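Consider the two complexes below, in which chain A is the common component and chain B and chain C are the respective partners.
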Partner chain A sequence: MATANPQVTKPYTGMAAKEETFWSLTWYRFRRHKLAMVFTAVLLMMYAIALIAPYIAPHDPMAIHVGGRFEPMSAEFPFGTDRLGRDTLSRVLHGSRISLMVGFVAAGLAMSLGTLAGAVAGYFGGVIDEVIMRICEVIMAIPTFFLLLTVVAVFERSLLNIMLVIGFTTWPSAARLVRGQFLSLREMDYVEAARSVGARNSRIVMQHILPNCMAPIIVSTTLRIGGAMLTEAGLAFIGLGVTDPPSWGSLMEAGRHTLRFAPHMTYIPGLLIFFTVLAYNYIGDGLRDALDPKLK
Partner chain B sequence: MGRYIAGRLLQSLFLLVGVSILTFTIIQMAPGSFAELIGEAVDATVEDNARLIALWGLDQPVHIQYLRWARNILSGNFGYSLVAARPVFDMIMERMPATIVLNLLMIFFIYLISLPIGIVSAVKQYSWFDHIMTFLAFIGSAMPGFFFAMMLIYYVAMNFALVPIAGLATFGIEWGQVPFMTWLGDRLRYLILPLTVGIFGGLAGLVRFMRASMLDEVNQDYVRTARAKGLSEGVVIFKHALRNSLLPIVTSLGFTFSGLLGGSIIIESIFAWPGVGLLALSAIFTRDYQVIMAFNLMGATMLVLGMLLADILYVVVDPRIKY
Partner chain C sequence: MAMKLDQVSPNLLEVNNLVKYFPIKGSWFGKPKHYVRAVDGVSFFIRRGETLGLVGESGCGKTTTGRTILRLHEPTGGQIIFDGTDLRKLRSEELRKKRKDLGIIFQDPYSSLNPRMTVGDIIGEGLLVQGLTNVRERTERVHAMLEEVGLAPYHYRRFPHEFSGGQRQRIGIARSVIYSPKLIVCDEPVSALDVSIQSQILNLLKDLQKKRDLAYLFIAHNLSVVKHISDRVGVMYLGKLVELTTSKNLYAQPTHPYTQALLSAIPHADPDMRMDRQRLKGDVPSPVNPPSGCRFHTRCPIAVEQCKVDEPVWREIRTDHFVACHLAK
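Here is the complex of A and B:
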């Protein structure tokens, strides 16, 4: 949590010359959250590494080094090798592309679906609202993780399917968040004013209401990315993840069987998951403070 | 109040119907039928397969199958597991005690530990204690439960052989056959790891929740008034602020209890804890549809009841709310 700073209301010395937009003020406040800044840098670095992973990985993640099973850490294999003699560092590097993408895409999907459904429900109200909210309740009434398991077990297990499934099972809570915002914002005077000058519904929603609920949407998306990563890792750990190439969760699942004599197989991907989720949580926290100073 | 509860019960009923239809639909979308799986396993002929399909009514239209299933549920028949060849209800009931013991203890300790931490964090906002606890809460919410479990297994159970890694009890130590303390000690030793992982996973969220709720109250005018009229700090915090800040916590209990069944699937699978979650997990891998359906329905029922309980608790603890 950022500390409450009594100096927030002071004039921004040295910035007065620039035009103060909403985003420049947000960036100004975000920069004061030190941990969030540190973790933003860490995260950017991780994505950069994931992007160039195929070029910096010392070995083919699938290549089997015969006679080199469970090699300890060495110059040739910095993180050792797994039970088939595959280079762990290369597998972790390639896995980063999957793990980092899963969270991003799944959370983005959940948030887009949720925003669409929530906006429609909250803006129009009435029967539409009732129907959408009942659907949300039904999905939320099933234990989330078990709903995921059921769907993943039933459909073909692929990276795309896992991202889709996480997105489709977690959108209702996003819809409720956005709906709540819309319910209160649509009663605002400026919305009334827009309507009175003959603005169409689409214009009111897109130009007037939606920009005003971007703050909670952005914060929630950031926090959801970490959550989706944890969910994917949980699925993979139970044996329902992508293995070709493996995500970090799948690597942990593979490592758990050889925990006794090769613990690094488990804790390297585990620590990576942990730090990535931690980074997203801190960034979400920083964004919350920056986007909505009233909330503190 | 009575009318309100009746209305809510009716609403819950619709919710459960929705859940069962959704689960049924997902399962129907699965490629390959169970009869085919069995047929492959026992080298059944085409005629055998056809006979099985007719026998289980799998040749009927989907909505007929659903209605038949629903009618069975309403008459208390949860179906028959085609994998274990036993009534689903019996299978779930024999797994229930293990899951309930684990989850009840988990919930108890989570509340016992996190409420005081959250309260102190809020009262001493921005103190070193608050900062450390906030930091730990961030760590706790980012740590995958199974990763924590693996580290515990490696460092505590494997390296030092302090506690057993998996299972419910040592073979041969049964209720009534050994002295009570031996029995209890054995059960507790097996509980330690799953319980630790479960508590750890739940702490962060509740600490933050309690802290936020308490912060809301200590900044209220009535707290300032209480201080202004000279009440001691203890009275202000415990008699005034705390009681109000507990309102949302008490209502959250309803939701917490709904997690009694489905909340510990991963923990049960890591520690081979023979509970309902493990049963449901294996049902998913073997496509044991009757068990999956029953588990989803029970999970949803718990949630619906939990939500109802939360609403009722709200009225009970907060006299300002009336229906």
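Here is the complex of A and C:
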């Protein structure tokens, strides 16, 4: 028998003193993407602030300060006040919770549904695949924004409805992505190997295929969060967003009537939306580079 | 292990008239119009503990044969009698359980190991899915197996990308051997390796076979490798076996004209040696539209009229020497 390795008491491990796992390598590569790192920090801060918004907001976002309408930036009102004399900073802080949540929940819903459908379609193929993909095509034909308008007009104008509609209309593209990954990965030798030793379908999917297509799923989720936020902001800007408390899009809508003499009411939430979506795009970019196996 | 003598058939595997067609998809929802006849009526058997080599040029159906036997591809027709049961008749759960007696080693040591799993998990997977859920016991067996294939216990927590091709192939071998199957399909296990590593891996396979009484179906296109490891060798051409006999016989007195041409193509180390090389004309015909009669007649140097019409019968011309040729005696 070949004894290539005699008893080694202290194995030479070289540079990799710590275990070199896939995720540690990804993190190593991600750190080198400066913009993505900066925006990750920005975004984490935003979420942290959103989480503790009620405790750090200087005023009640609904409290009206009589005689203090359209105040410019001052020490008491750092971001000024709106047409009812309400503190813009407090309103923006409370609104961040909604805007950030919409993206996260809607994209998460779309990715979960899409991954499930795409995995089933791609793994089993055949008739199941055909049926699921045809359903996807039907749903993809529905324009998200107009369905949103309808739902908001007919049913309650609630945050939940908005998130659900965005999630349900965008999952098919996620399903296509995951299906494609499954179609190619299920032909890999290591998947055949798992079958050959007697692994069940569930194990093959969870242990062998899904972990190997996490990279595009994560990247796509990140980019989708930004997209979902923009959709919600667009809906709010034409006056159909949630207003109690208002999301960033609703704040912009409230400000646009007085854009000429109180522009801060519009550009502050506008810039926040801009930077959040930008952050998600850069993070998605950085993740794509970091997760790309071709660099390895 | 004690020898089981009574009532055990000497043949571990009997393959009768195995057929595997791959449909070429036509239009939408339409029935496929054409089929790739990758394996078209192949019959052979493997005795317990022996190595049957399977050679042939690229695309002749060797790999498909190996995978179809394990039902990694669903067979189109034929019988696969393994250890007394027809694998084709098993339901999926029964087949899954039966897999503890079957194994496969792949050609490409890179795509055959899941990059997200540690070596320990890869090797131990067979034991786990076959019901050995005790972590400590499994770890011990994986450690023992690592040593048996020439790796070290500290490799347990490493990931596949940290290994060389030869080491990866050892991991692939360990994965199949650990649960002591009776038959392992070796799908060109050394073709992707350096020549210097090839012999190590071949010797490892031989050692494991001796120790564990394994039978191998050894698929390869390197005739010297096959000669080295096989007890008997089958030669495939365009989805059919053309000749099957003992290693010694095949290399000493090849009977089928294709085998003769194949053997005369082996390069020799001595440049002064005079060689009488038989060159085959033309290309291998398409397996979608194989030639009538004997599939080899389009390139056969000795073909007669009969070969274009009648398909030669698979017959035993001597003990342990099967051939499919009208002119073989």
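Rule of thumb we're sticking to: the second predicted complex is superposed on the first by the 278 of 296 C-alpha atoms of A that agree within 3 Å, B and C clash if a C-alpha of one lies under 4 Å from a C-alpha of the other, contacts with A are read in each partner's own complex, and residues count from 1 in each chain.
The working rule: a contact is a pair of C-beta atoms (placed from the backbone, for glycine too) under 8 Å apart; a residue touches a chain by one contact, two chains touch by 3 or more.
The shown structure was predicted, so the numbers you read here are calculated from the model rather than taken from an experiment.
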item: First (chain B), second (chain C), both or neither touched by A:200; value: second
item: Contacts of A:226 with chain B and chain C, given as first, second, both or neither; value: first
item: Which superposed partner A:113 touches (first chain B, second chain C, both, neither); value: neither
item: Which partner, chain B or chain C, touches more chain A residues; value: B
item: First (chain B), second (chain C), both or neither touched by A:256; value: first
item: Which superposed partner A:277 touches (first chain B, second chain C, both, neither); value: first
item: Touched partner set for A:21, first chain B, second chain C, both or neither; value: second
item: Touched partner set for A:266, first chain B, second chain C, both or neither; value: first
item: Set of chain A residues, in rising order, touched by both chain B and chain C; value: 1, 3-4
item: Touch list for chain A against partner chain C, complex; value: 1-5, 8, 11, 16, 19-22, 188-190, 192-200, 203, 207-208, 211-212, 293, 296
item: Complex contact set, residues of chain C against chain A; value: 67, 70, 72, 96-97, 99-100, 102-104, 106, 108, 111-117, 125-126, 129-130, 148, 150-152, 154, 157, 159, 161-162, 167, 172, 175-176, 179, 200, 203-204, 207
item: Parts of chain A lying in touch with chain B, wherever the complex brings them together; value: 1, 3-4, 134-135, 137-143, 145-147, 149-151, 153-155, 226, 230, 233-234, 237-239, 249, 252, 255-256, 259-260, 263, 266-267, 270-271, 273-275, 277-278, 281-282, 285
item: Residues of chain B that touch chain A when the two form their complex; value: 14-16, 18-19, 22-23, 26-27, 29-30, 126, 134, 138-139, 141-147, 150-151, 153-154, 158, 259, 261-263, 265-266, 269, 280-281, 284-285, 287, 292, 295-296, 299-300, 303-304
